[in-house]
Amino acid sequence: MERMERHRFETEPYYLPVGDEVAQFEAAYAARLPTMLKGPTGCGKTRFIEHMAWRLGRPLVTVACNEDMSAGDLVGRWLLDAGGTVWQDGPLTLAARTGAICYLDEIVEARQDTVVAIHPLTDARRMLPLEKRNEVLRAHEDFQLVISWNPGYQSLMKDLKTSTRQRFVAIDFHYPPPEREAEIVAHEGGVEAEVARRLVAVGAKSRNLKGHGLEEGASTRMLVYAASLIARGIPAHQACRMALVQPLTEDEAMAAALSDLVDTFFD
Amino acid sequence: MERMERHRFETEPYYLPVGDEVAQFEAAYAARLPTMLKGPTGCGKTRFIEHMAWRLGRPLVTVACNEDMSAGDLVGRWLLDAGGTVWQDGPLTLAARTGAICYLDEIVEARQDTVVAIHPLTDARRMLPLEKRNEVLRAHEDFQLVISWNPGYQSLMKDLKTSTRQRFVAIDFHYPPPEREAEIVAHEGGVEAEVARRLVAVGAKSRNLKGHGLEEGASTRMLVYAASLIARGIPAHQACRMALVQPLTEDEAMAAALSDLVDTFFD
Amino acid sequence: MERMERHRFETEPYYLPVGDEVAQFEAAYAARLPTMLKGPTGCGKTRFIEHMAWRLGRPLVTVACNEDMSAGDLVGRWLLDAGGTVWQDGPLTLAARTGAICYLDEIVEARQDTVVAIHPLTDARRMLPLEKRNEVLRAHEDFQLVISWNPGYQSLMKDLKTSTRQRFVAIDFHYPPPEREAEIVAHEGGVEAEVARRLVAVGAKSRNLKGHGLEEGASTRMLVYAASLIARGIPAHQACRMALVQPLTEDEAMAAALSDLVDTFFD
Amino acid sequence: MERMERHRFETEPYYLPVGDEVAQFEAAYAARLPTMLKGPTGCGKTRFIEHMAWRLGRPLVTVACNEDMSAGDLVGRWLLDAGGTVWQDGPLTLAARTGAICYLDEIVEARQDTVVAIHPLTDARRMLPLEKRNEVLRAHEDFQLVISWNPGYQSLMKDLKTSTRQRFVAIDFHYPPPEREAEIVAHEGGVEAEVARRLVAVGAKSRNLKGHGLEEGASTRMLVYAASLIARGIPAHQACRMALVQPLTEDEAMAAALSDLVDTFFD
Amino acid sequence: MERMERHRFETEPYYLPVGDEVAQFEAAYAARLPTMLKGPTGCGKTRFIEHMAWRLGRPLVTVACNEDMSAGDLVGRWLLDAGGTVWQDGPLTLAARTGAICYLDEIVEARQDTVVAIHPLTDARRMLPLEKRNEVLRAHEDFQLVISWNPGYQSLMKDLKTSTRQRFVAIDFHYPPPEREAEIVAHEGGVEAEVARRLVAVGAKSRNLKGHGLEEGASTRMLVYAASLIARGIPAHQACRMALVQPLTEDEAMAAALSDLVDTFFD
Amino acid sequence: MERMERHRFETEPYYLPVGDEVAQFEAAYAARLPTMLKGPTGCGKTRFIEHMAWRLGRPLVTVACNEDMSAGDLVGRWLLDAGGTVWQDGPLTLAARTGAICYLDEIVEARQDTVVAIHPLTDARRMLPLEKRNEVLRAHEDFQLVISWNPGYQSLMKDLKTSTRQRFVAIDFHYPPPEREAEIVAHEGGVEAEVARRLVAVGAKSRNLKGHGLEEGASTRMLVYAASLIARGIPAHQACRMALVQPLTEDEAMAAALSDLVDTFFD
């Protein structure tokens, strides 16, 4: 299917494995089990699924979930054309029909009813009822459904229902260990190893503050941002303030504490 | 009706009866009584109705209910075509018109007003008023309405109204007894009998924790997932963590307890 | 009007009068008074109005009310056709225009604003303003408006406004007395008189539990369901469990009590 | 304007004046002041405005307000036609353009924003901005805006804003004095004077119970309903139960008290 | 632009200045500053802006704000025409394009997001992004944005955001001093000076009751209404009851107090 | 791309740098990092991004965020044309496709789900999935995403999610130091240096009242407004009342205090 070519990766997306996640995913894909990637913001889940899609030679259809997304956005809809109405597959249907991996990013952002719409694809028969077409689509044998979930953001209103969670096997993600993370920061941010190591040390300290005044610590991505600014001539202190301190907190005392933390490593 | 062929089962869907449920359903179908399948997530209700549709030689129209589903989605709507508007039957109307079994899965997920729309089909005259067409459809003599309900998920907002429940006869479902469940896990997960027996033992223990920190125990489907991963080379501990522990809880103490439980059976 | 033929009854719908309700309705219809049928779920209100429509020789237009139903669904709307837009009467307008009885079933399920839309038809001039057409329809002289209401379901959010209730005369409905009810159960369920009498006795006991742990007792319809299952070979205990116990309660103690009650009559 | 003919009264609508309301309305109309008819349900406000429209020789456009009514429903909208879109005046615009009296019945039922849409017509310049047409309509010199309001139904959510009330002069309505009311009941219900007098006496007693267990007493309309049933052969007790007792209360004690009250007058 | 002619005033709208408001507005217009008219209901803000538009020779586009008004209603939308879709400017766009004064009346009634849509027109560059057209409209050099606000109606839900208020300069309005107000009442209500003086005295007393049982006192407009009724033969007491007492309060004690107040001046 | 020309600045927008913000932004743009401008209302964030777009020679697409803005408004939609439907890029897509800077002003006003729609553009691959087109747009290499945020307005309902904030580097904005601010006020308001200095002094004092009865102090823009009125002949006291006092507070005591403050500088 020509239209799927743009969903393929021509070059290998950069990903440094941390544990057994590659083998785990390969087994889950081999059994075509619906799979959930669990872990905090910015720890590399999106990069991982891109890497795996490339590795398995499958196209990847990514959907950023949000509350405004209806089941129709996922599944498809009728469009008005010159000669009447024509059906247009949504991204989920497209992936199921052509055998792509469909990645629903930040699934808890979607409305629960939209989430329920994916249940039939996780049943043994792997069907997707296109009710508006009176069609029952049986998923392509290469199709797999993957979702991401950050259990750190818990709220009364937005949680993954038990009846949904039970339909997926889960792979755990964490921030990479220091040496790996420094390697990533140096590679992606364009700084020397020593600068990367210091940034990673700042990041690790900030993660210890989670639950002690910070909602979340610095992600790997934020460390890469700081590195990118340093690589373009912004002094390290200022770069850390722009990329690490200000995005993490509005509390002045906490911001001062984080700035002091930065000073410890970049004097 | 040619378009109904895709709703028929060519081969027998695998189902191992647990009690008298097959005879009960056959009597309910013979009297064309609206029927409710009650029981927990993943215990085999969907597989059962597929099996019964095959057994009775009826097409099966399955609808996964959700809050976004309007009465119009169930009943049908006018579509704009080159020559004006054309009517398209919804899945409920299609089933009522052609004599299929219509299965509304997870009925409590639907809005109460959508649920009310099925009432006329449960009356003695078995009619479906298509108000937007000013048509009154009398259901085909082979039509039957079946719903599923998991009473374990009770909430203030979402419950089945008494005036709806009274319109259905109910068939109870539970997880299968251990030997049957092991047979299913071995058959569907592709593992040896001994591995299946141990997984079933883990599942039974987890179900005792329901209401003691777990919202729900491991379903038969989750045990099949764990078996599938083991069959593809993932060590049993890791497979159980991926398929049983992580999908059931975010609580670290409970996750540790469940992991210890797994150790008892896979040392 | 040809299109109304499908709203007529060719054969007499079976109905056993309980009191003066037939005479009361005939007087209300003679004066064309808006009429409300009050009573619990499944006691025969729908069957009664069908019977009366047949008796009075009027077509019957039935609308199952729900929250999703807009005033436009009742009154009518513009549809897009090949040659522009064409007006389509809704069921209320159709009934008012052609002189049918319009039966709004479960009126409290409708949104209050939709309920208000019927007020002009209950005024002395019996008009229906079709605002979207700039037409004022005067109702056909044979038209009558009938609603049903189950005051047992009371809630803060859904109640019939005083200004609406005052526009209707009311006819009370209750479950039929034992002998009549047994006659109905035997006739409709296909069982012998003795079995019907025992089922009716179970039903009467269950109604005494209303307000003592049960939201509602067994309706006549539920007794007919139990009879139908017995007539198709399901043992009486199991049939009562499927048709009476499980649809009435999720509480285990209450379910046990009801099962014991059944044992008293079917030993 | 031909299309307005259906909004004219050919014969005099029956109305018995109670006080100075006719002169008050004539002065308000002479000054074209926006006017509010205040009073309880069923006391004759709608009949009064019909009578006045006939008396003043103006067409009357009546709109039953409800929450679902948008400003577009009142003002007008674009419709899709064979040759593109055509504008269709809403009832308010139609009345303002052709010089009719526009009567917005039960104004508090409308959304506040819809209510605000009538403000420009109550300003000195009496304009109606048709924003969707970029037209500013100056009202016909014979146009008048009239609303009805029942201040007895007060709620936190639905009240007439001060900034709206200040734009209207008010005429008070009450139930008619006993002799007048009996005259109306006899005339409209078709019963003899003595029966009418007794019904009116029951009605007066019931109004004393307002605030003592009844939300509202019996309206003149309800007395006419009871008379109509008596005139068609229903015994007086039963007719009062159908038309007065049951529509007023669901409380058994209160219903018994009302029935006793009826007995006092119809023994 | 021909279509703007209907937005021009041919004759001078009657307005009696109270203070420096004319000079203040002229300076604000000269600098094209966004301007807010602040003051109670019915004190003459609308008349003032009509007068100023006439005085400055600018067309005036008035928009009565309401909750139902979307940004699209203000800015414009695509309409379906015979040959496809055509763009139609909304009133704000029309005013900005042609150099009119755009007056948003009762701005707090609009949804906050609609209010935000006017921000870019209050920036230094005075642009209006027409996102649905991908056009950026620079406002005509004669364009000015004016809003009205009655700070007396304060509620938690509806308040003008600080970030919006800061974008406007404000001109204060109050009811006119007694002699001026009497002059207006006599001129517009068609009564003699003495009657007007007494009505104004009643109005002034009623305004002292604001916050002591009345939400708002009688506005100048209400006094003009009372005068109009008196001029058409309604006795002064009755006219005051219709135009001043009843529109101001539903409380019986307060209504009696206001009636006594009227007696003091019209004995 | 011709259609982007209107998004380019022909002349340099006036901006006086306060600190290192120009260098910081240049580094962030060089690395194409998503960037957030943080600071209070009216301190010059919008002027800064216009200046930077001019300085970097990029077109600027500005979007004023609001609650009514759907993901479709940002991304694009299908329009009905004579020959069927045609796709129209939204402002975000337009910017990403043509290499403009896209500035989302007051991002917290947007719905969270709309905010989530920008996440894929902040990932390493800088893609924008156009789900309704089944297209995956890779952003032009010159594209940058910039948002503004005023953390001073904090509310429970509207806050920037951590998972969004972490995707941006931040540049802090404050009101300019007194000499710079006076220079701006004189330049933009058209008053002499001494008047500008006094206005700036009033502004500085008012900002000290923030949190002590004022939600926000006077912005630079408000000082420019006051200057503009003075330049057009309004006395300084009155101009300050119109431009500074009334827009800041409804509290009479606070308004008096602010007026006294003005007196201190303009006696």
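Note that the chains are named A, B, C, D, E and F in the order they appear, and that numbering of residues resets to 1 at the start of each chain.
By definition in this document, a contact is a pair of C-beta atoms (placed from the backbone, for glycine too) under 8 Å apart; a residue touches a chain by one contact, two chains touch by 3 or more.
Just so we're on the same page, UniProt names per chain: A, B, C, D, E, F = CbbQ/NirQ/NorQ/GpvN family protein.
In this text, all values refer to a predicted model and were calculated from it rather than measured experimentally.
Engineer: Could you tell me the least number of steps, going only between chains that touch, from subunit A to subunit D?
Structural biologist: The fewest touching-chain steps linking subunit A to subunit D number 3.
Engineer: Considering only chains that satisfy the touch condition with subunit D, which of them also satisfy it with subunit F?
Structural biologist: E
Engineer: Give me the rotation angle that lays the C-alpha atoms of subunit B onto its copy subunit E, rounded to the nearest 5 degrees.
Structural biologist: In short, 180 degrees.
Engineer: For subunit F, which other chain has the most distant CA centre?
Structural biologist: Result for the farthest chain: C.
Engineer: Using each chain's Cα centroid, which is most distant from the centroid of subunit D?
Structural biologist: A
Engineer: Between subunit A and subunit B, what's the gap in Å when you average each chain's C-alpha atoms?
Structural biologist: That gives a centre separation of 30 Å.
Engineer: Measure off the straight-line distance from the CA centroid of subunit A to the CA centroid of subunit C, and report it in whole Å.
Structural biologist: That gives a centre separation of 52 Å.
Engineer: Can you work out the whole-Å distance between the CA centroids of subunit C and subunit F?
Structural biologist: Computed from C-alpha means, the inter-chain centre distance equals 60 Å.
Engineer: Enumerate the residues of subunit E that touch no fewer than two other chains.
Structural biologist: 80, 83
Engineer: Using the definition of touching given at the top, classify the network of chains in this structure as line, ring, star, complete or other.
Structural biologist: Graph shape, chains as nodes and touching pairs as edges: a ring.
Engineer: Can you name the residues of subunit C that touch subunit B in the complex?
Structural biologist: Touch list, subunit C to subunit B: 3, 6-7, 41-42, 46-47, 50, 62-69, 73, 79-83, 88-91, 94, 105-106, 109, 150, 153, 188, 215-216, 219, 221-222, 225, 228-229, 231-234, 238, 242-243, 246-248, 250.
Engineer: What residues of subunit D sit close enough to touch subunit E in their complex?
Structural biologist: These residues of subunit D touch subunit E: 20, 23-24, 27-28, 30-31, 33, 36, 38, 70-71, 78, 80, 83-85, 111-114, 116-117, 119-120, 123-125, 127, 129, 131-132, 134-136, 151, 154, 161-163, 165-172.
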